[in-house]
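Consider the two complexes below, in which subunit A is the common component and subunit B and subunit C are the respective partners.
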Partner chain A sequence: MIDTMVIFDLLLAVAVVALAVASMTTRDMFAAIVLFVVFGLLSALAWVRLSAPDVALAEAAIGTGVTGALLLRTLHHVQTVERKAAPEPLPVPMGVQIANAAFCGLLTLGLAAAFAGAPRGGPGFDLLVADAMSISGVDHPVTAVLLNFRAYDTLMEVVVLLAAVIAVWQIERGLSDAPAPALGEVWQGFARLTLPAIVVVGTYLLWVGSSAPGGAFQGGAVLAAVGLLLLLSRLYVPRPSHRGAARVAFVLGTGAFAAVALLVTGGGRMPFEYPLEHAKTLILLIEGLVTISIAVTLAALFHGREPVALPERAAGTGGRDDA
Partner chain B sequence: MTPLELIAGALIALGAVFFIAGTVGVLRFPDIFCRLHALTKADGLGLGLVALGVGLLAASPGAVVRIALVWFFVVVASATCSHLIARHALERARRERS
Partner chain C sequence: MTLDPLTLVVFAPLFGAMAAFVAPRAAAAIGLATMALTGAAVAWLATEVHAAGAVRTPLGGWEPPLGIALRADGLSVAMLVLTTGVGLLVSLGALDSFKGTANARLQQYFWPLWLLLLTGMNGVYLSTDIFNLYVMIEVIALAAVGLTVLSGTRAALRAGLEYMYASILGALLFLLGVGFVYLQIGQLDFAGLIGAEPSAAMSTALALMVVGLLLKTALFPLHFWLPSAHANATAPASALLSGLVVKAALYIFLRLTTYMPLPDEILVALIGALGAGAVLWGGVQALRAERLKMLVAWSTVVQIGLIFIAFARAGQVGLTESWKAAALLILAHGAAKAAMFLSAGRIKDEIGHDIIRDLDRTPVRPTLAQFTFALAAISLIGLPPSLGFIGKWSLMEGAMAAGYWHWVAVTMVGTLMSVGYFSRVMAGFLRFDRVRAPVAEHQGWALADLPPLVLALGAIGLGLAAAPILSFIELGYPFGMTP
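Moving on to the complex of A and B:
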């Protein structure tokens, strides 16, 4: 039994590396994206084989699902813009190429050094975490680490998303969109059928996070798919007047997380040191609000720009709706 | 090995055969529509048989329901994807002809 699983693991490892190489070397950008998505799915399977279902869920939902959608969206945008404006894409300057190669090389070297310097085998932090589970407020070790023991790291991850959406809204200010492709009635039916199911799955992933694999990032990424479906089917069109609500949703997770971390101080406690009797409530509160922020932020990143009031185009084109 | 495990194993193996047949179809069939045809057969029937086999081995009724839901949504999503790809290919062919 062990032997067959080793063969499976070896095949999986070879397939993951082969897909990564194929995705980077292919010249067809669409094929590269498809290969990247398959690479992500097999990576998720590899995480399952490494007994890390939380990472597998995150990889499948964020690394593959949402990132794949973002890449396809970008490709559609780039192709439409290029067809309109520049017929010949400019070659990347040599200096940029060298700088990119240098940074990637440094990153690889750093990872190799970290890998070589890491302690081999041993229990790692398993025992420490198991000992502290009773004071964490939740039943699932991964959630205890992410939202309690190493909560500062998780706060920074939420901040990264916030910074990303701020940057996107700054850069893409007012750029008009490529026309959305018509997807047909079958797709509309699919969206209607799956929308409620996605809401249920996303909420379930968030709720189950305190006792089993799941949590804010996985649930948020699944709920972001609701936003993607709404945007793609044009059931929801972002308007300039919605910007205030969107900004509140972007900041909600980071703000609540940081506020809780600071408010629990006092009485000799450190930031993030939740009082035991309220630990579960506070963690669920943070996770719920962070989930909303993640879902809205990812959907906004997919939309790709701040909705601004464009000057009215020729009558009847409905230019404002596209903003 | 209990009879139940034997039946489950046979169903999963049969499902794997459909996946292999679907893969061969994608590699060998001449155009995009034939390939999609091969692909959806693998997804729907192959995954259905695998899900049936795994469902027989599942520990709880809740797990069986979840496996059935996974199969259902994969089938719906794969059928919709195939439809979108075929639709796109058809439109492109029409554009190029005119």
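Moving on to the complex of A and C:
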């Protein structure tokens, strides 16, 4: 039994490395992206084998799903804008390639040697977390770390996402002339069928996060797929008048998170120190709002720009404000 | 709700950024109010640190290593004062240079990005946890890239993309080092670093983090992204990027090497040698620069190199004193470089170009901005009584005392070169023989001339207050071992 799992792990490890090499060496951009997505899925599987289901979910939803969609969207954009065949990049001289490979290889070997020789510092946070679980307000250790013990880090990670979408929205040059990609009519039917399922999965991931693997980032990424499908199927078309609502949706999670952190202070409590009897409610509230913000933000990043007035025919039958 | 100054210093700009983003029409007003509030919070924190030495807040009531504590000592407060002080003045300058409907978009996006940047930098100066530092430098990186490309020109977009690649690579190297540390000691807080047994693996982790930080702070030869990124941004963004942003990674470097000392004397010398490379290479490039803002950006490369020479000036023995010299140079460069970029921006706006060769040909002379540029140059060259002079002097004093004359020689050569490249600009300001039209003197004194002037005067005047600054920096023993 154990032997078969070892063989599986070895195959997985070889496949992950091979896919990484393949996606970097292929000249065809589309093939590279597809290989990258497969690479991400297998990495997610590797995380499962390493007993890190939370990381596996994040890798699958964000590292593979959303990132793959963003890469394909960018490829579409670049190919549309630069239709006049971009000059083939000069081939890198063989000597440079070999020198680079040798340098990186040596570096990796050195790191591996240091890693193998490193003393292990015991269980890390495991014992501390186990001790504090009973007063964290949730039952899943990863959620307790992310939303309670080290909530400050998580808040700032949400801020990173906010900074990213603000930075993307302020870029306007070279974007307005590229048409947004769209799905054909068959796919629109597909979108109608899958949308409810995605909503259910995403919400379930968020809800289950307090007691099992899952949570705001994973749920948000899955819900972002709803936004992607709505955008691709033209069921929702972003308009300049939606900017205000979108801005509110972007900051909703960060704002609520930070506001709760400050509002719970007083009576000797520090920022982020949730009163025990309300801890679970507050954590769920924060996670729910953060999920909405993450979903809307990722969908907006996919859309790739501040909504501008479209000269084409008026399409769109409303829908959510997620662009 | 009860507030403490540590939390307020980070959260005030965060809420300000969100408000400015949601209400773009009121962005400038919200931004200024936020700057005032943040300034007040820093002042409050400064009085507490002055009274009590170091102060700290364990967030969530969880003590490290499980939780994250915010901590402020003299050095943190000095960096916060620099950041908010320079930030406030640059904000006032931005208010004037972004006015008018043509710049409405700039105005709208400058404030949320800048306030998020401020959140990240303030967070760095109060952090006591290396993973938290990683998250903070990511916040800084994205906001800084946003500010770099704010002008929207093709050159700025290209430079911003390069900056983002460098910045993310640096952050990932840092994160790899953080993972290594956690693997070995099972802790992420500074106290864990101090207690760790020195080993080859810990040194590898430190090396990864330091290389990542050097990339972010643009120490030669990892400076390749800096000149075009800083030269192509709009003037207020350049001032913030050059004066403040590179200092965040430098500060983390100072902290880390305090708590995890470099394992070998040779490495200290290597850091100094890279600094010397920056001083010489940056100096040559500044002498050859064709555009004023490019020259100023190369001068940042030089100054960063100088700060690392100050760090290495006396080898491992004198590190405690060397850290102080480096801190002084950080403060001096922050104020002077912000002043210089703002005034260079003003000169470019008034004249219509910033080609150094043609500065003497124009009949338009924005005299106040040119005067400010000269004042800032005085501090950057290191003429007395400026803060730059005090910093350079303590660098050379320590090097001479330790008998390391090669650092003195490099510093002197760098100083001579800086006189050279700033004179190129000054000569353009002062010569009139190629002007064909009647000279329209001091056209365009504007409100935007005032903030850089105050900054430049500050960089010079603070030299007189060097002693109290130094004794304040020592509060809470930032260079001892008690985080």
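Keep this in mind: the second predicted complex is superposed on the first by the 262 of 323 C-alpha atoms of A that agree within 3 Å, B and C clash if a C-alpha of one lies under 4 Å from a C-alpha of the other, contacts with A are read in each partner's own complex, and residues count from 1 in each chain.
Just so it is clear, a residue touches a chain if its C-beta (ideal position, glycine included) is under 8 Å from a C-beta of that chain, and two chains touch if they have at least 3 such contacts.
What you are looking at is a predicted structure, and each value in this text was computed from that prediction instead of being measured.
After superposition on subunit A, the partners subunit B and subunit C are seen to fit next to each other with no clash. Looking at the shared chain after the overlay, A:Val199 reaches neither subunit B nor subunit C.
After overlaying the two complexes on the shared chain, residue contacts for A:Val34 are found with neither subunit B nor subunit C.
In the superposition on chain A, A:Phe125 makes contact with subunit C only, while subunit B stays out of contact range. In the superposition on chain A, A:Leu70 makes contact with neither subunit B nor subunit C.
Of the two partner chains placed by superposition, only subunit B is touched by A:Gly184; subunit C is not.
Of the two partner chains placed around the shared chain by superposition, neither subunit B nor subunit C is touched by A:Leu45. Residue contacts after overlaying the shared chain place A:Ala212 against neither subunit B nor subunit C. Note on subunit A: of its two partners subunit C and subunit B, the one contacting more of its residues is C. Taking the two complexes aligned on chain A, the least Cα distance separating subunit B from subunit C is 32 Å. Those residues of subunit B that touch subunit A in the complex are listed here as 73, 76-77, 80, 83-84, 87. Note for the complex: subunit A touches subunit B at residues 183-184, 186-187, 190, 193-194, 197. Residues 1-4, 7, 11, 14-15, 17-18, 21-22, 24, 57-62, 65-68, 105, 108-109, 112-113, 116, 119-120, 123, 131-132, 135-136, 138-139, 142-143, 145-146, 149-150, 152-154, 157, 180, 182-187, 197, 199-201, 204, 208 of subunit C touch subunit A in their complex. Those residues of subunit A that touch subunit C in the complex are listed here as 110-111, 114-115, 117-125, 128-129, 132, 148-153, 156-157, 159-160, 162-164, 166-167, 169-174, 244, 247-248, 250-251, 254-255, 258, 261-263, 265-266, 269-274.
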